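Letters A, B, C and D mark the chains as written, and numbering starts fresh at 1 in each.
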């Protein structure tokens, strides 16, 4: 029974799950409040959930893990900065940001998808570097684009965007605070969770359509899909476009909760933790479900919130960064080496 | 004796287009440099001096990438493992206050077993991810970076004795962010002083690099080198001929890791400061970018690519910020431009390689088709 | 046979490493001119003393001065010139050769040296600080 | 003086998972003798050679029966390297050359000449440098033995195919110990001139004392080269005969053997005069199964078989028609041309396809059975979908109930043994997987059904059931069926007419009731004369 559970869940998940459990159990003994940490975990879960969700279409279509997530993030950042530039505030502002970033993400995703179709088999490495170079390219763009809004532009120069832009007067916590409630120190961002649930539902719905079914088949066996009359390349492009769009929406959700837009090298290492989270949830390089996303994000963000507080109180040193690096990259390594054994 | 009367199936009449694709990257760079050098307003002697220093500093690291490419394992993003091993060697040498050339050699001796161990680990992992070597070694670099931090930031000064308080953080364990390597700073570069006009040439470093080049030339002639070339071209055939494929691949990575360890030590003796938690990060990316800029591809690289690459890459590196300021009134633009170029060039090279691979495969199939479709 | 040779090679490398530590070690030599009490006896600080390590430019130490010299290698020479009260005439010249070997740092007490005592080489103050 | 045979096989037998593939095979081989080994695909030739060569696949599946005696000693190889060490060399059908290496480097692959150096005493011989002049000389000697003129510095990738074959053989010759040389279809890729040079070279080698086992389907070559011929059929030695006394016609008859006309069931379906499928000038670029120029007609309601030896292109024909591999020429269905290279077009026109590569192309192994069965129907015919109630018919979702219902129906009618429509395809046995593939094709309600290797890798009982299902389907719905199979007997039992493919062309089309040896001759490369072929193409015999 136990063996079977471990076999289906996989060793890494069991170990990390137990580790997280141990953290929660020890927390009260070392003076860390469970309610705050749980609430922190949930907030971070909501912040990152949509971005992790963005992995699903590409993984399902066999394009591998979306190391090119920064591209979607860039689209989101463009949408966010433009909505602020136009001075739209509140819910409408957030909607504007989403509305503006979706077409940008679609265009970027389309080009990115076309590129990935020409480099089949090497997608992940190329995606990583496409992501990196587009971030660096945007660094130049942030400096040069003609933004004028003084909340965003460097005060003394009048041009070039700041590294971090506060969204306080625009749409900070616009989702999080919707219907949110507080019990003591426990804060629950209801709106953000509703939004995440809605996004999950959209993905679920899409995966049930004819196109979604075809996409799953492409990821599972492209030859089968081709023999079944599916245009494999088109499916892959659609998946990349979807992933990019969800990446853009994901970063907007993240920003409204975080309260700041991080530009320049901000999106640089966005992809790795996101990829690690979905793998932690039990996804493989070519199969991922919404369940994987929920479990993975919770475990990953749980560890991220709990280790600094608990481990620090126990060991009196901050090891959270090191643990994050080891866990996230170890997870990706595990997935990469496991896939090779099955497929080749 | 009878001669077979049929010409080769696949003639080497590859078009101008594919020739351009092979050399696209260096050509782009030469163009960028030609435009940017006058914009930067640097004097020729300044540029030459800077280049000479940077060639000495970086070549060894880049050369360490050649052997895995020969073995068909692509760009060894895992070379940062070697860099970390080198840094561990340097930390101990600083702690023991061994200075000068003995210090450098000792750092190499200490770094070697660490690099060998990490290399074996890396090789074994890559053997489990055949066909995905690059992305796997890339992630492995991050992973081992975590382990490295665990050791250096928490274990050193606690489990691993460090006697020199100047190295340890004020909290009592963990190594400081920056270690000044005063004892071995530029000792190799200045071992054999040579001054031409106002330009100083680090002769000894160049001799070491030359020795390394000869090592690579010699290595290619050995049986081991031959086996690696065979594996690089066709693993299945090499296996059926009885070449121990997995073992040889591990050896290739081990050699690369150890050499990267030495390369990092040479790099840091020139820099004079060890950024305990960052120095190795950039080693991998910059070396790979430089090699690719030199016209190497994922499957083919030579010593010429290394030196062309190091010159072009660092030329761009030196002039970009200044050119950016002169052109756009903002040095930051140049900074970002060179970051963009480093990453962009790796992306471009990977894309070109993947394209070429798919094209070659299609071509190979077409040659098998024989006369079909032409009748 | 091959194993033996490899072990031999390994041993050689370890030996080489040890030798490198021996010849490459940097020692902090504290030159101390303070009043010091040894065996219940008090040795007063010298009025003025010039110290030169390995033939380098001499440094002059006044009473209560402590200077630091860095030397590399297993052995070094030291020349101490004890001056008269006005710091003009050399009263006494002492040449010594020291072999710190593998040990790290050391302190040289000038008053003890001037008194021709054998225990003029003292442990480094850095060591004392670490183990109070 | 009575000679001890160099190699002697005594009562060799082999079973794969209870399936007997070799029984009681015995023969002996003397020094300098050339033995021709012939047999249809699946006759046991490759298993026999795998045993001789100590391939791991043999020991991994329970070893073999009987003894192999080499030079008077019983041997049992654990790996191919043992066989090589004992002096048995093998030249495979696929080339195993390193593309970027020169001829010399390839011939001496992993057996290079080395210079001595000090490093070897501490580390390994692998740190010795290569002795290039020595290698060149040795390679040149090996090539010279073959009697051809190939530069030792020629790069393998730039060699014509024929050269590559010679380099492979030279590699075996260079092993000083090679005493027995096995060649598997060495002339398949050669031109006639090259083949002749190769045969001369082999003769020369044999005269030098090396024993050769020569596997080929070109009976002409066998007859002109070999001293003796061994015919295998269904794992048994049918004939061990002197090559000079046997005629090609005899050999063909021995190979194909059986006559099954008796148990052929009476056909109930009707074949109309209308041409359903018409193929002209078809070429298909399918690796290993290249079609060069195929032309034939299939009538409505007919079951049409395509047979031939492996590698001749028979599988390329259906795969090309379905657009799965690059193809050219004209294919028309009921008079209207079908666009090639686009599977969707073929599917839209009412063709359904069962791939020979069941696990690679035919199935979504990781998905449910019902997904497998209904996938193509959903994608091509927009079936099994339902509109979302809220959004009208704008967004149409998978109708899981309809999918399950359709699958249940086929699970019942084809007797697919499974736990239900939700079981994953990978968990089924080969026969049941094949039934799922058939169900997928049937579910399309096709006008033309193309089926490749319907019984490959499934057990006898399932074979019968699959063939009966096809026959019944043809009779009930009048569906035209094109079956491609390596098993001639199967084709002859189920089809109306059978086309034999040789070297990418239709060698001839015969009514299924024609005598076996006529098929055998066609397979052996004896093309029917022009007139008969024309007649056969249009089916107006």
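In this section, a residue touches a chain if its C-beta (ideal position, glycine included) is under 8 Å from a C-beta of that chain, and two chains touch if they have at least 3 such contacts.
Computed from a predicted structure; not experimentally measured.
Comparing each chain's Cα centroid with the centroid of every protein Cα atom identifies chain B as the most central.
The greater number of contacting C-beta pairs, out of the two interfaces B-C and C-D, is seen for B-C.
Distance between chain B and chain C, defined via averaged C-alpha coordinates, is recorded as 44 Å. Centroid to centroid, with C-alpha atoms defining each point, chain C and chain D lie 85 Å apart.
Centre-to-centre spacing of chain A and chain D amounts to 48 Å, using the average Cα coordinate of each chain. Chain C has its Cα centroid 61 Å from the Cα centroid of chain A. The touching residues of chain B, counted against chain A in their complex, run 125, 128-132, 134-136, 138-140, 142-143, 145-147, 149-150, 153-154, 171, 174, 328, 330, 332-333, 336-337, 339-340, 342-344, 346-347, 350-351, 353-355, 357-358. Taken in their complex, chain D has these residues touching chain B: 80-81, 84, 96-101, 105, 109-110, 112, 114, 124-130, 147-150, 157-163, 191, 193-194, 197, 281, 283-285, 287, 290-293, 328, 504. Contact residues of chain D toward chain A in the complex are 322, 324, 343-344, 347-348, 353, 355, 357, 360-367, 371, 375-376, 378-380, 382, 385, 388, 395-398.
Those residues of chain A lying in contact with chain B across their complex are 67, 115, 118-122, 124-126, 128-130, 132-133, 135-137, 139-140, 143-144, 160, 272, 317, 319, 321-323, 325-326, 329-330, 332-333, 336-337, 339-341, 344. Across the complex, chain B meets chain D through its residues 1-10, 12, 218, 221-224, 226-227, 229-230, 233-234, 236-238, 240-243, 365-366, 368-373, 375.
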